[in-house]
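Paired with subunit B in one complex and with subunit C in the other, subunit A is shared by the two complexes that follow.
Moving on to the complex of A and B:
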């Protein structure tokens, strides 16, 4: 039940550096916790790859490991030259992908 | 293209831990509240000398609460909105069928728990939601601390954000208030401590690396605790406190905790509703 939220400015000037904020709802189970009732390890289940694309071009990406908190927040900056669409992809270890899109108009 | 990364995962937690350790080293034994928070935001969170837990949180934690986008508790608000219009139960109703927009319930959160003539005891928000479900919607009540109940409680708290806490403690609620007060001052557990020992006598001082708050969490819960990595109810916090003094905790939703909730919310009177607050 992952749910993504992104915050991208609607407009920007050409060459401006903008800040992008992203947050996704995910339990990010580290694989080190034990089930209190059974005493067994809860299998690891995390988002291991985050990718940001602009007009289809991959420009920012990160590999996440077990130490990242639940509901991970990630913010980064980028310089925009022309109008277009951002696409954010969170890749889950179990192969699931969550995506979010945001448009920006560059004047 | 230039890029810069700031991650709010482990790094954030480690930063908070380091910050609190540094503070602990520098200020242990002194009233440390002066080190907390900017003066401008203090006004909102301090009423007649009563301080919200916000002022006992680190700057890093405060900044997560201040920004609605970063605040992970907002995810539960959104979830609550989804559930608001979901039709469930035999009556074929959703919350929206009777109440319209969630905003129509602004002002409900600060006055609970209150006396309920039907059961002749106190009823809090969670129990009130479940009563709506069983009586109006003819649906199954949600379990305590379950996702949907937390989400709905968070939503109802959220729409009252900024309003001052204002519970009634006179009239029929008085005996329950007295019971809650008794609970607060009664020693319990292997450590033989009462709530008041930490949150009344030693508020603003350190217990190991943790800064003790005044225990005025009435307007904050359900709050997102970084330790829990999710939203949790006030009763879950009570349970945690009871466990820490090695006492057998009561069940969430038990009469004892609802009475205590009234007392704690009265202690928070005048403080703004902060749901979903963020705490360490």
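Moving on to the complex of A and C:
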């Protein structure tokens, strides 16, 4: 159900600090919400880890809890020095992983 | 009619009544929500008991959040982000949500800047903390207050 979207500049200058924007469709069920019909708590189901890699180097990662909004948006930066590929991994606490990739040309 | 009824309650009775219901409300919300004490306990666990210094880390949130389900939040730390001196992590801590820990961002010198944006849930009006750890092991804290019109943690 999850669908990821990432925004990475296509080109950058060597040494430039670029901003990356990511978004994934996920309900981020916090475990604090009640089912309106049964009155029972809806079990927690969230993405608990996000990782960003640049040419294989893990340069930014995050631990998320139920306090992160549904369809989590996350933006951060990376200092680029050569062309290559970004990889983004969202880890769901049920063990599923969603990935997205983006290429960058560094001149 | 109801207006008239309110008028005949004298100030003392009103205050006692208001005090009692405020106490009940506080007791109820304690069940569902973290308290500043729980946030402080989480902070102590995070830093291993070290008291973070004020400054160096900034937390930007809207003054008034109309929708507590999705509150745009930006954290940043003042750091050169070199191999020798960089910001390792920034955690966002709530003082009134069901759980104090909202999220933690981890940075490396490759990040270039210690800055991240995210959208968070705010159960009610509260103080929020951003706590950063630098590569030298020092901890810093920045605080802000968000007024929440409609809470965002479900009920």
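Following the convention adopted for this analysis, the second predicted complex is superposed on the first by the 107 of 107 C-alpha atoms of A that agree within 3 Å, B and C clash if a C-alpha of one lies under 4 Å from a C-alpha of the other, contacts with A are read in each partner's own complex, and residues count from 1 in each chain.
Criterion: contacts are C-beta pairs under 8 Å (C-beta built on N, C-alpha and C of every residue); 3 or more make two chains touch, one makes a residue touch a chain.
It should be emphasised that the depicted structure is a prediction, and the values quoted were computed from it without experimental measurement.
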For A:25, decide between first (touching subunit B), second (touching subunit C), both and neither.
-> first
Mind working out whether A:17 is in touch with subunit B, subunit C, both or neither, as first, second, both or neither?
-> both
Classify the contacts of A:62 with the two partner chains as first (subunit B alone), second (subunit C alone), both, or neither.
-> both
Check the residue A:75 against both partner chains and state whether it touches subunit B (first), subunit C (second), both, or neither.
-> both
Which superposed partner A:3 touches (first subunit B, second subunit C, both, neither) = first
Look at A:98 in the shared chain and tell me whether it touches subunit B only, subunit C only, both, or neither; answer first, second, both or neither.
-> neither
Both subunit B and subunit C touch subunit A at residues 17, 59-60, 62, 64, 67-70, 72-79
Interfacial residue positions of subunit A with respect to subunit B in the complex = 3, 5, 7, 17, 21, 23, 25, 27-28, 59-60, 62, 64, 67-79
The subunit A residues in contact with subunit C across the complex are 17-18, 30, 32-34, 54, 57-70, 72-79
Subunit B contacts subunit A in the complex at 1-10, 12-13, 69-70, 72, 75, 78, 226, 229-230
Touching residues (chain side subunit C, partner subunit A) in the complex | 32, 69-71, 81, 92, 94, 97-99, 101-113, 115-121, 152-155
